[in-house]
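Heads up, the next two complexes both have subunit A, just with different partners, subunit B and then subunit C.
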Partner chain A sequence: MVKEIERAGIPVVHICTVVPISLTVGANRIVPAIAIPHPLGNPALDASEEKSLRRKIVMNSLKALTTEVEGQTVFEE
Partner chain B sequence: MSKKIVHYINQFFAGVGGEEKADIKPELKEGVIGPGMALNTALKGEGEIVATIICGDSYFNENVEEAKATILEMIKKYNPDLFIAGPAFNAGRYGVACGTIANAVQEELDIPVLTGMYIENPGADMFKKSLYIVETGNSAAAMRTAVPAMANLALKILKGEAIGSPEEDKYIARGIRKNYFAKERGSKRAVDMLMKKLKGEEFKTEYPMPDFDRVEPNPAVKDLTKAKIALVTSGGIVPKKNPDRIESSSASKYGKYDISGFNDLAEADHETAHGGYDPVYANIDPDRVLPVDVLRDLEKEGVIGELHKYFYTTVGNGTSVGNSKAFATEFAKELKADGVDAVILTST
Partner chain C sequence: MRLELGNIYINDVKLSDTTKVENGVLYVNKEEMLKEIGGDEHIKSIDLELAHPGEEVRITPVKDVIEPRVKVEGPGGIFPGVLSKVDTVGSGRTHALKNVAVVTAGKIVGFQEGIIDMTGPGADYTPFSKTHNVVVLIEPVEGLKQHEHEAALRMIGFKAAAYLGKVAKDLTPDEVKVYETEPLFESVKKYPDLPKVGYVYMLQTQGLLHDTYVYGVDAKKIVPTILYPTEIMDGAIVSGNCVSACDKNPTYVHLNNGIIEDLFEKHGKEINFVGVIITNENVYLADKERSSNWTAKLCKYLSLDGVIVSQEGFGNPDTDLIMNCKKIENEGVKTVIVTDEYAGRDGASQSLADADPKADAVVTNGNANETIVLPPMKRVIGTTEFVDVIAGGFDGSLRPDGSIEVEIQAITGATNETGYVTLSSKGY
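Here is the complex of A and B:
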């Protein structure tokens, strides 16, 4: 899906936990996530901490979208 | 004397449990468990599984280095003649785990390895060049054909026999070229092929072109504060009760849902339809997969221009590459027509 969105001319960032799969699939902008069943959350945290964790990942993905890349790039925090 | 084999399987095939047990750490059991029994039988006493290592698929993929180190230690003390992982069929995390651990055993312990999976498993693309991966069907229903194929290759490796071509020994082509004497010279074979092509008959190339389907990255978003951002997910988030009945695996459709009335997704209004991960956390708070709450905040704060009115969703669980491509080709056109400037796609 990532590739078809990119092919349509829309920049896309892939937030995912298993980065090697994303690299194999061919995503260009990749942001690592927390865990498979909760990529943008952590049930061990309290609600406000969890939301700020989620915000951090989303902000990182926005950074990825506003960064010019040549080929596949993983945006670690 | 029969040769020693160590077998790797996931929590599901070990009978430990489904997704709720996908986070179990590696465990070592003496003897054979689950699919290993059929493999043992097919090895006809020439090879025997002496130990089975079980690991949760999520644990492995979320803790690759630790899992790898622990499992390598477990294998070392048996000093087996062969290591077999899977078969993983079309289970993505399982396939990646099988490929990763088999590759590590081959590289670091210098022990021959073998695994099996469906051609679309992401683990196949990642490891087909370095490993023998027997090509299996896409679900455990194909166990009956996978076991004899894996046993056949296992015996060849154990006995040090020459491995045949991918077609002969039913493994995924590794891209290795081997010299052999053909019956006819190249020029004749090429002309024969050309003649068949001209007649519209079927012919088989001797050198299939590799399939590099890469898409160049698009230019970055220039001004976020004016950008319309859309959310897409393969994590199966849907309105409560899954109105379009998107399948929990091998999805045949995607959904498009209006989120203009939501500042935050909650247990009461959304859930996940995905059958390939433990749904508990996503069901309690769907924002953990589709971060609507944070994007609404960013919209209000003016960090982004706006959050697109609709999100698109499907279940990325054993869903074919063909279907996923078709879904996204279709909705990407809509996104474009709706003036979406960028997409955030989340996967579980």
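Here is the complex of A and C:
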């Protein structure tokens, strides 16, 4: 899906836990997620900590989306 | 570490008023057995049925399959840290009842439990159509949480296997096999010219009912470590898995791991089989990185020349498999990986979720997405009401006449990634 949307000219950020698979599949902008059963959150945290975690992932993704890349790039925090 | 494994071949199982083995027949006192393995507060009812090879019987949903074994000499007992005290096992003598299996079944726990057909086309796909099965049917109390349900029937399965195994303690085995692993330096001194080969045994640890236990420790909490192969034959590793039925390792397969047995067969002749490195398949990337780093580190530290790596399950564990392969190869150690495939029903899709050019020696145990039609059976042990929702099933899998169309993914052990199957593949 990442590749097809990009083929249509729209940049895509792939948020995913298993970064190596995303690299194998060919995503260009990759943001690491938390864990496979809960990519965008962490049930071990309390609500306010989790909200802050989620916000960080979204902000990092928006930053990735607006960053020019040459080839596959992983946006660690 | 040296283990004598005494095999007692059973050719029939019958209900009786005494539990014993006589002339190759295992007699089971159902009432006594249920009393010994029952009593869990989470369980509403527990029952026992027998299923024999060739009978028109379907068992589903199957959770685990376990071989009855008993410790005869040496430290510890079967399933250390789970049923027995946590002594280090794998030495002395153990007896096993061959051609017999305890099968745990009953209302579904998760959605990834299996089907065993004792005859017909489905029987060819499961190794457990060839065993005389003592099926323990377990129904939970209302409102029981899934993880408590899984834990309760996991323990009942082990207790059932231990109960039956006990009768083998004073029997004279039909054959005794000896498996021995010397301490590393001694074995290298003894076989200086043989290549040093290890086995990297990946254990399913994705959590949420996909778990494996090592001496009672939840394996997602371990870092890779070394076991003597014979520890595994005494039940050091047990399954707590409700992952896809075709390629999880039931406890039976841990006890009878074919890769370990074949490596032992060649030990001292073609290779020096120095031991087993166990590792996990966790859901955090950092865990995947750490565990694969450590397997590679241990392979190098043991100066191995080659390893076999087997996977359990599929999907994101494909990445653990490829990470292990790549990193071990990067240490200059040759690898062969053993896996299965999810290549779509037509077999045309990419087989694994991850790949690497270093994975150039691969053994596959079949395409789990292949479909099969299982004809109706005269008797169902358990219930077929969940067939549409188990992994490999789909809406309409269960047909009005009782036949079932499913992917072979739904059949217990169909594409087992230790090769405990008849399926394989060839390259042309």
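What we mean here is this: the second predicted complex is superposed on the first by the 77 of 77 C-alpha atoms of A that agree within 3 Å, B and C clash if a C-alpha of one lies under 4 Å from a C-alpha of the other, contacts with A are read in each partner's own complex, and residues count from 1 in each chain.
Methods note: a contact is a pair of C-beta atoms (placed from the backbone, for glycine too) under 8 Å apart; a residue touches a chain by one contact, two chains touch by 3 or more.
Keep in mind the model is a prediction, meaning the values are calculated, not measured.
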Overlay on subunit A: subunit C relative to subunit B, clash or fit: clash
Which of subunit B and subunit C A:Pro32 touches, first, second, both or neither: second
Subunit A: partner with more touched residues, subunit B or subunit C: B
Which superposed partner A:Val12 touches (first subunit B, second subunit C, both, neither): first
Partner chain in contact with A:Pro20 - subunit B first, subunit C second, else both or neither: both
Overlap of the subunit B and subunit C footprints on subunit A, listed as residue numbers: 17-18, 20-21, 24, 35-37
Residue ranges of subunit B in contact with subunit A within the complex: 19, 22, 58, 61-62, 92-93, 96, 122, 125-126, 213-222, 224, 227, 229, 232, 234-235, 277-282, 284-285, 287-289, 291, 293-295, 297-298, 303-304, 314, 316, 324-325, 327-329, 332-333, 335-336, 340-348
Complex contacts: residues of subunit A adjacent to subunit C: 17-21, 24, 32, 34-37
Residues of subunit C touching subunit A in the complex: 206-208, 283-285, 288, 316, 318-319, 322-323, 353-356
Interfacial residue positions of subunit A with respect to subunit B in the complex: 1-18, 20-22, 24-26, 28-29, 33, 35-41, 43, 50-51, 54-55, 57-58, 61-62, 65-71, 73
